[in-house]
Amino acid sequence: MGIEALLPLLLVLPMAGFLITALIGRRLGKQAHWIPVGVIFLAWIVAMLAVWNVLTGAAPLLPGSEDTHGYVVGPWEWIPAGGFHVELGILVDPLTACLLIVVTTIGLLVHVYSIGYMSHDPGYWRFFAYLNLFMFSMLLLVLADNWLVVFVAWELVGLSSYLLIGFWYRKRSAALAAKKAFIVNRVGDVGFAVGIMAIFLNTGTLNVRESIEILINPTLVAFPIPVPLVALLVFAGAMGKSAQFPLHVWLPDAMEGPTPVSALIHAATMVNAGVYLVARANPLFAAAPSTMVVVAAIGIFTAILAASIAMTQTDIKRVLAYSTLSQLGYMFAALGVGAFTAAIFHLMTHGFFKGLLFLGSGSVIHAVHEEQDMRRMGGLARKIPITYATMLVGSVAIAGIPPLAGFFSKDEILGEAFKFGFLWVWAVGLFVALLTAFYMFRLMGLTFWGTFRGPREIWDRIHESPAVMTVPLILLAIPSVLLGIALGLPFGDSTIHRWLEPVFHHATEMLALPHEAYALFGIDGGLILASVTVAVIGVVLAWRYFGVELGGLRLPARPELVRETSARPGLSFLYRASLNKWWFDELNHLLFIVIGGRLAQAIWWFDREVIDGTVNGIGSSTISVGRGLRRVQTGRVQNYALGIALGLIVMAGSYLLLAGNGG
Amino acid sequence: MRAKLPQIIFALLIMGAVLGIAALLVVVLRQDWEDALLWILGVVLLGAGLLVVTMRDIIRCGLAMIVCFLALAGIYVLMGVPLLGAAQVIVYIGAISVLVLFAIMLTQTKDAPSRLVFQTQAGPAAIAAVVVAILIALAVGATDWHEVARRARLNTSEMARVLFEQFVFPFEIVSVLLLAAVIGGVFLAKREPGGPS
Amino acid sequence: MSDSLDTYLILSGILFAIGTFGFLARRNAISMLMSIELMLNAVNLAIVAFGLFGPRSDAIAQGAVFALMVMAVAAAEATVGLAIVIAIYRNKKTPLVDEYDSMRQ
Amino acid sequence: MNGADLSAISPLIAAVLTAAAVLIVDLVRPGRSGPAVATALIGLAITAFVTIQVGMGAPTAFNGTYKVDALSTFLDILFISIVAMTIVFAPDYLLPRNLPIAEFATVLIFAMSGAMLIAGSADLLLLFLGLELMVLPGYLLAGYHKTDSYSTEGAIKYFLLGSFSSAIFLFGVAFIWGLTGTTLINSADPAQPGVAQALASVVAGTEPLSAGLAIGLAFLTTGVAFKIAAVPFHYWTPDAYQGSPTPITGYLSVGPKIGAFALILRLFVEALGPLAEWWLPVMIVLAGLTMTLGNLVALTQDNVKRMLAYSSIAHTGYMLVGLAAYAGGQVLGLEGLLFYGAAYTFMNLGAFAVVSAVQKRTGVTSSLETFSGLVRREPGLTILMTLFLLSLVGIPPLAGFWAKAYVILAAVQAGGSLTVLAVLVVLNAAAAAFYYLRVVVYMWMRDPVTDAPPLTHGALMWGGLATATVLTLVFGLFPSVFEIVQHAAAAISTLPGGG
Amino acid sequence: MTSPFGILTVVTFLPLVGALVVAILPSRWTRPVALAFALAAWVVSLMMLIGYLPNRAGSQFLFLEAYDWIPIFGIQYKLGVDGMSAALVVLTTTLTWICILASWVPIQTRIKEYMISFLVLEVGLIGVFLALDLFLFYIFWEIVLVPMYLIIGIWGGANRIYSTIKFVLYTLVGSLLMLVAILATAFAYQSATGSWTGAFDLVALRAHVQTVGFAPALQVGAFLAFFLAFAIKVPMFPFHTWLPDAHTDAPTAGSVILAGVLLKLGAYGFLRFALPLYPDAAHTFAPTIIVLSLIAIIYGAIVALVQPDLKRLVAYSSVSHMGFVTLGTFVFTEQGIQGAILQMINHGLITGGLFLLVGIIYERTHDRTIAKMGGLAARMPLWAATLGFFVFASAGLPGLSGFVGEFLSLVGTFVVNPPAAAVATLGMILAAGYLLYMYGRVVFGEVSDFIVGLGGHITDMTPVEILTLVPLATLIVVFGLQPGLLLTLVQGSVVDTIGAVRDGVPLPIGTEVVVIGLGLIIVLVVVRTISAAMSSRSERTGVMTEGGGAH
C-alpha cells in the first residue's frame, strides 16, 4: 500500500526543492543547501523503500505480468488530444529499481559533497537548485511509463545538464560547452522523438509497456514503420544522451562544469539514460536483431575510440570523461549482443566507481587549487591520503581487477559477448580492458605518485578536503569494492540476474541466445582469466611508464620512455591521433562551423538578395516602369495631340478589325 | 518682287489648272455647272486650308482661313442651305476670324514670325493626318449610307420652324453656353491691376 | 459629282485631316486654334451633307440647325481659347505652345 | 415649349438662375466673397430641392430629347454636391491669391448645368451641347489663376487638347447622325426610330458592322475617352490638374469626369447599346491600360496634386471596369460605376480640400515636402487627409473600399476576361497603396521642413471637410445607399448587351 | 442575449470606444485610459470564454449575432465564437494590455496616437477572429493593416518607413486578391442558389460546400487567392521577407502584437475559411504547402542562425515556428490541426515574451546587435533567467507550452507523412542551435565592453516589465503542464475543421502544368540568383526613394 502513495514524492520532492531554492535560495546564502540536500535525502529513503520491496518481491505483481514485481502509480492526464492521449504514470519495476539505486544514492552523495566543493561559489544556491532540477528530471526519466514523458524527462535532463555545464557562465568555454552539449543531445533527441512518433503510429499508444507488447506481437507484422527503424530511432536518442559515437563530442567538453556535476550527470546518471532507454525498450530491440548489431558495433567502437583518446589526455577530468565514454561503449556493446543484464550491471558498478573517481578528481583539483592538468600534479598521495585511497579503489575497480565491482560487470559483458557469438566485440572489448587499466594507472601515476611538478607554493598549501567531501568518497568506495561481489555472485545465477530476469527474459527468448550452464572451470573461467590478464598487463604497463608507489612496490616515472614510445614509427600517428582526439572537434568545426556557417550565410544571402531581392525588385522595377512611362508626359501639347491622334488611328483600326469579325 | 515671280507663275498655273478642270467638267464631261463650281470651291477650300496650316506668317494664315471659310460658305449655298452660308459668313468670318486676327495682333512679338513654324514632329504629324484622311475616305467609300437623292434647297421658314420648335431647347442652351464663355473669357482676358503686363 | 454624298464627305474628311495636321504640327497657339476651326468646319460640312442626303424628310433642316449650333459652339470655344491665349501670353511672353512645358512627367 | 417642358428643365433653370444671381450679387457687393458664396450655396440648395422634386415625377420634355429619371436625378444631385463642396473649399485657396469668388462660382455653376444637361439628355445634339457647356467653363477655371504661369499653361493645354477631342467627338456624332438620320436617342415611334432603334436594326442582320459605323465609333470612343482621361488619351490630365488652382483641380478630377461618364451612359449605353458587342472589348482594354498606367506613373510623382491627377486616371480605369461589366451583361456593373463615382467624389474632393487648405499660405507648393511632418502643425487636417487617402487606397470600411468591392464583384460576376480585369484592379490597388501611403509617411513619419505657424481655417472649410469625412466614413455602411444606386441604375432599363 | 448587442460586439468594439475616449481626453489621461479599456476588453473576453466553456457543443458557434447589413448582397453583421476563436480572442486581449503596459515608458512621443492605434488594432484583430461573414471578415482583416502601419512607421526604428510600406504592400497584395476570391465565391453561391441571402455567410457557404460544392475552377482560383493572403500573413516561405524587416523596425509592443497575433490571422484564416470552403483545392495543394512549410521550418531556422540582430533572429525563428502551424494544418489530421492551433497560441505567448525581453534590453542599450552583448547574466540576472525561460520555451522544451503544439503537429504529420515529420524535426535541432547561440552570446561570458561602457544604465527589470512577462510565463507553464485546457477548448473546432476538409478530393492538375510551373520557378530563381550574385549591391533601400522637388 503505502509505497505507491509515497512514490510521487520521488518527483515532488526534488521539484519542490528546486522551486523553493530557486525562489528564495538567494536569500538563504550559505544555508541554501539544507533544503535541496534534505529533499534528496528524503527521496533517497523513499527510493530505497521502493527498491527493497521491488527487488525482494515484496511489491505486488505488475498488471498483466506473471513474474515482474513492481508498482504502477497514476496515471495522470497530460495531453488529452483525442486519439493522441498522453498520460503520466509512474512505473517501478526491477530495472527502474536498479537505476533508482544508482540515481538516488549517488545523487545524495554528490549533493553532500557539493556542500563542501561549492562552498565558496557565489552561485551556491543556484547550483543546488539546478541539482534538484536535475534530480527531478532524472527520476522522471526512470520512473515514467510513457514514451513521451520519458522524452520530456530526456529533454529536462538535457536542460539541467546545460545549466550545470554552463554554471560558471562567465567562462566562455563553459557556455560553449553547455550549448554544445544541449545541441548534440538535441540531435539524438530528435531521433528519439521521431521514434516515439513511429511507435505511436505503429501502436496507437505511447504507454511503454503497452506499446512494446504490441510492437513485438508476432501476429502483427505489417507496421507502417518497420520495427528495426523504430529501434534505430530510439537508439539515436540513446546515442545522444549516452554520448556514443558520433555524438560523443559533447561529453569531454561538458567537463567545463563543476566537478560534482561531472560526477553526477556525466558519469553516474544522465549518461546512463541511453543505456536505460535501450534496456527499457529491450523487446523492441530484440525484435530487430539487425539494429542490435548496430548498437553493439557503435558501442564497442566508442569504447575503443574513447579509450584510445583517454591514453594521452592530460586533463584529469577529461581522462575520466573519455573513460566514461569508453565504459558506456561497453554497456552498449553489451546491449547490442543481448547481454542486457550485464549492461545494467555495468551501469550500476560504473555509476559508483566512476562517480567516486570524479568526486575524487574534484577533491584533487580542489587540493591543487583548481588545477586540472596532470602534468602539474604528482606525489599527491602523501598530501591527500583519503582521496588517494578512494581513487585507488576506483581505479582498481574500473581496471577490472577482481574482486572489485568493475571486474564482475566488465567480465560479464565480455563473457556474454563471447558466448553469444560476438567474438569481435569480445576481442575489441578485451583490448579496451587493457587500455582501461593502462590509462587509469597512468592517471594514478601522474597524479598521486612521483614528485609534484607544480609550483612550490601550491604544494605547501595542499591539504585534504573537508569531511563533507571525503565522507562521500568513502561511501562511494564501499560499493565500488563490494557491489560486484554482492550482485555478481554466484557466477551463473547472480543476484542481478535474478532481479532483472523478469524484465529481460522476453527479449532473451526472442533472441534465442545460447544458454549454457556456467562453467567456471571451462570456457567462463578462461574468459575471466583472459580479462584479468589483460587488465594486469595494462596496469603493469602503466607502472612501467608512469611509476608506482604502492607499499613496497616502487617504480619511478619514465617520461623519456613515454616520449620514445610515442615517437616510434608505428605509434607516432596513433599517438597524435589520440592526443588530438582523432580530430573530431576539428571535423565538427569544419562541418558545422565552417561549412555549416558558410551554408547558413549563403542561405541568408539568398534570402536577402534573391527572395527579398525579388520582392524589392518587383517594387523597384514597377517604379522604374513608372519612371519610363512618365517620360511620355513631355509637357508639349503637340506631343500629346499626336499621341491622341495615334490612339485614334489605332482605335479606328481595331474597330474596323472588330467590325470585320462581326464583333 | 522679282524673287516672287516664280511663285506667282506657279499660283497662276494652279489657278489655270483648277479652272481648266472645271471647264473640262462642264464642257467635256457634260456635268452640271454646279459640279464645276463645287470643284473650284472644293479646291479653294482645301488649298486655303492647307495654306492655313503651312504658311510661315501667321497673319497670312488667318487671311487664308477667311478664304477657306468663304469657300465653305459658297459650298453651303451650292448645297442649298444659303442661310447656313450666311451664318457661316457672319459667325466665322465676322466674328471668329476677326477675333483670331485680333489675338494674333496682340500676341505678335517683334521677332515673330518665329524661327520655326513646325514642331519637330511635323513628319509624323503629316503621316498621321494622311492616315486619318485615308481612313475616313475608305470608310466613306465602303459604307452604305442609305442615302436618298439629294434634296432641293432648304427654305428659311422651314429652317426657322425646325430651329424654334424642334430645337428650341438646344438653342437656349447655346445661349447659356455663349454667356458662360463670355463671362469667363472676359475675366481671363481682363488685365489684372497688379498682374504682369 | 455634287449629287454624291461621298464627295462632300471626302471633302470634309480631307479638311478634317488638314486641320488635324495643323493642330499636330504648328507651334503657335493661335495656329492650333485655327486648325481646330478647320476641323469643326469639316464636321459641319459633313453634317450638312448628311442632312442633304438623309432619308428623313426634315433631315436637311435638322442638319442645318445642327451645323448652326456647332458654329455657335465654335464661337464660344474661340472666345474661351483666345482669352486663355491672351492670359498665358501675358505670363509667358510667347505664343509658342511647345515652350509651355514647365509641367511635365 | 410648354409648362411640362419647363418643369422638366426647372433644375437647369434654377442652376442658371443661381449663376446669374451670384453675378448680380457680385455687382451689388463687388469683391465680397461672403454674399457670393452664400448666394451660390442657397441657389444650389434650391436647385437640389427642385431636382429632387422633379425627379419624383420623372417627366420627359421637348419631344423626348430631355428626360428626368432616377439616374439623372442621382447624377444631378452628385453634380450639385460636387459644385457646392468646391465652392465651400475654394475661398481658403482663392482669397489669399486675390482671386474673386463670384466669377468662379458663376462659371462653376454653368459647368454644373452642362453636366446636369448631359445627365438628362436623350438627344445627340443636346449631349454635345451639354458636353461643351460642361467643359468650356472647365478650361476657364483651369486658367483661373491667370497671373500664375502654371495655371494658364494647364489651361491652354487643357483647352487645346479638349477642343481637339471635341472636334473628334463631334465628327463621330456626325457619322452616327448620318447613319441614323436622327439625333433623338430613343423613340417609341417605329416610323421615326431613334438612334438606338436604328442601330439595333443595323446590327440585327448578320452582316459585319459598316466601316462608317466603325470609324464613327472610333471617333466617339476617342472623344469620351479623352474626357474621362482614359489612357492613352489622358495626357492633358496631369498638367491641367497640377496647374489649376487646387480647389479647381479637385473639381476637375470629379465633375467633368463623372459628367463624361454620364455622357458614356447616355451615349454608349443608351444610344450605342446595340453596338456594345463591339465597344465592350475596347472598353476592357482601355480600363486595363488606364488603371495600370495611371498607377505606375503616379508611383513616381513627388507632387501631391500631380500624383492625385495620375491616381485620378487610375480611378477612371476602375470605373471603366464597372462600365465594362455592365456592357458584359451585369447590371451590377452600372451600379458599381455609379457607386464608385459618388464615393470617389467625396474622398477625392476631401483630399484636394486638404491640399488646398494646406496651400492657404501663398507660395506653398503641393510638393510632398510640404506635407512633411504635417501632423505636428495641422493634426486635424492630417487625420482627415489620412482618412481620405486610406479611402482612396480602398481600406475598409471607408467609401473607397465599397466602391472597389462593387466593381470587382460586378467584374467577377461578368466572368471571362473581366475576371482578369478584376485581378488587375486589385493588383493596381495594391500598387496604388504605395503612393497614397507615401503621403501618409510624409505627414506622420517625417519631421517638418518648415517652422511656419499653423494656419487657421474657416468654419466653412471645416464644415465641408466634415461633410466629406462623414460621407467617406459611412458611405458604404448604410444599405440605403446601395438601394439608391440600384434604383438609379435601374433607370436604364435594358442591358446594352442583352437588348 | 436580450440586449441588442451581444457580448461579442462588446468585446470587439470596446477598444474602439476606448480609442475615442483617448482621443477626447487630454494627453495625461492617455495611458491609464488606454490600459483601462484594454483591461476591460480583456475582462469581457474572459467572461466570454467563461460563458463559452459550459455551453460549447461540437462545431456550434456560440453567442451568435447576425444582423442584415447590406441585404441586397446578403452581407451580414455576423459574429460568433467557437473554441479556436475564443482562445485567439483571449490571446489578443491579453497581449494588448501587456503591450500597452510594455509601451508605458518606452513610448514617449505622440502617445495618444499610439494608444489609439493599438486599440483600433485590437478591434480589427478581435473582429477577424469573431466574424462569420466573409465580407465582415475581410473588413476587419484590412482594418488591422492601418494601425500596424502607423505603429511601425511612426514609432519604429531606423528603417521604419521602408519596413512599414513593405509590410502594407505585401499584405495588401494578398488580401486584395482574397477580396476577389470572396466575391467570386459569393457570386458562385448566388448563381447556384439564385439568391444573395447567405452568400457571404460562412455557415451557409459551408452548408453549400457540404451539399453541392463549388466548381473546381472556382475552388482552385479562390483557394490560391486565400492561400496567398494567408501565406503572406503567416508568413510562409517564400512570402516571409517582410517579417524580419517589420519586426526589426517595429517598436517592442508592435513586434509583440505582430508576432503574437497578426501572424495568427493567416493560420486562422486557413483553418476557418480556406480549408472548409475549398476542401478539394486544399487537398490539391496540400503537398506543395507541406513542402513549403518544411522549407520554412528548416530555412527559417538556418537563416536565424546567422542573424546579427536579436529581433531579426526572433523574427526568423517565427518563420520557422509558424512552419509547424502550416504543416500541422495541411496534413489534415486531428493531431496536426490540434498542434497547429496550440502552436499558434503558444508561439504568440513565447515569441511575444521574447520580443518583450529584447525590447527591455534595447531600452537600456539602444542596440540589438548580438555581437555587442555579453555577460548580461551578471548585470541583469533576473532578465537573463527570464530570457532563458523563454528561450527554452521557444526551443520546445517539454513541460513548457511550446513543446506540445510542436509535437502534436509533428505527430499529426507523421501519421500521414513520416518523412515530412522527420524533416520537420530537424527544425527542433536548429531551433536549439540559434536560440542557445543567441542566449550564450548575450547572457554568458564576460561582460562585454559595450555593456561595460554603458555603465549604470544596465539595470535589471523594473516591476512593470516583470508584470508584462509574468502572465506570459504563467500561461506558458500552465499550457505546458496542462495542454488539456486548450485542447478541450478547441476540440470542437478541430473536429469541425477536420470534418469539413477530410473528404476533399485532390483535383486533377495536369502534369504539364506542374512541370511548366516548376520549371518557371526554377529558371526564375536561378536567373535571379545569378543576377543577384553579379550585382552584389543590395537594392534594399532602393524602393523608398527620397521625395522632393516642387512642381
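Each chain gets a letter, A, B, C, D and E, in the order it is written, and its residues are counted from 1.
Keep in mind that, in the parts below, contacts are C-beta pairs under 8 Å (C-beta built on N, C-alpha and C of every residue); 3 or more make two chains touch, one makes a residue touch a chain.
These numbers come from a predicted model, not from an experiment.
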Strictly by the touch rule at the top, which chains does chain A share as contacts with chain D? B, C, E
Contacts common to chain C and chain D (chain labels): A, B
Quick one: which chain's Cα centre is the longest way from chain D's? A
Farthest chain relative to chain B (centres taken as mean CA coordinates): A
Based on mean C-alpha positions, which chain is nearest the centroid of every protein C-alpha shown? E
Mean-CA-position distance for chain C and chain A (Å): 97
Centre-to-centre distance between chain B and chain A (centres being mean Cα positions), rounded to whole Å: 104
Taking the mean of the CA coordinates per chain, how far is chain B from chain D in Å? 34
For chain C and chain E, what's the span in angstrom between their mean Cα positions? 63
Which parts of chain D, given as residue numbers and ranges, touch two or more other chains? 125, 129, 132, 136, 139-140, 143, 146-147, 150, 156-157, 160, 164, 168, 178, 181, 210-211, 213-215, 238-239, 242, 306, 431, 434
Find every residue in chain E that makes contact with two or more other chains and list them. 169, 551
Residue numbers in chain B touching two or more further chains are 119, 121, 124-125, 128-129, 132, 135-136, 139-140, 145-146, 166-167, 170, 174, 177, 180-181, 184-185, 187-188, 195-196
Which pairs of chains touch each other in this structure? A-B, A-C, A-D, A-E, B-C, B-D, C-D, D-E
Contacts from chain D onto chain E in the complex sit at residues 150, 242, 302-303, 305-306, 365-369, 375, 390, 393-397, 401, 404-405, 408-409, 412-413, 419, 422-423, 426-427, 429-431, 433-434, 437-438, 440-442, 444-445, 479, 482-483, 486
Within their complex, chain C touches chain B through residues 1-3, 5-22, 24-31, 33-35, 37-38, 41, 44-45, 48-55, 58-65, 67-69, 71-80, 82-87, 89-91, 93-96, 98
Contact residues on chain E for chain A in the complex? 166, 169-170, 238, 240-242, 299, 302-303, 305-307, 334-335, 338, 375, 377-378, 392, 397-399, 403-404, 407-408, 410-412, 414-415, 418, 421-422, 425-426, 428-429, 432-433, 436-437, 440, 443-446, 481-484, 487-488, 491, 494, 524-525, 528-529, 532-533, 536, 538-540, 542-543, 545
Using the touch definition up top, name the residues of chain E that touch chain D in the complex. 68-73, 110, 113, 135, 138-139, 142-143, 145-146, 149-150, 153-154, 160-161, 164-165, 168-169, 172-173, 176-177, 179-180, 183-184, 186-187, 547-551
Taking the touch rule as given, give the residues of chain D at its contact with chain B in the complex, in rising order. 1, 5, 9, 16, 19, 23, 61-63, 65-66, 98, 100, 103, 106-107, 110-111, 113-114, 117, 123, 125-126, 129-130, 132-133, 136-137, 139-141, 143-144, 146-147, 178-179, 181, 210-215
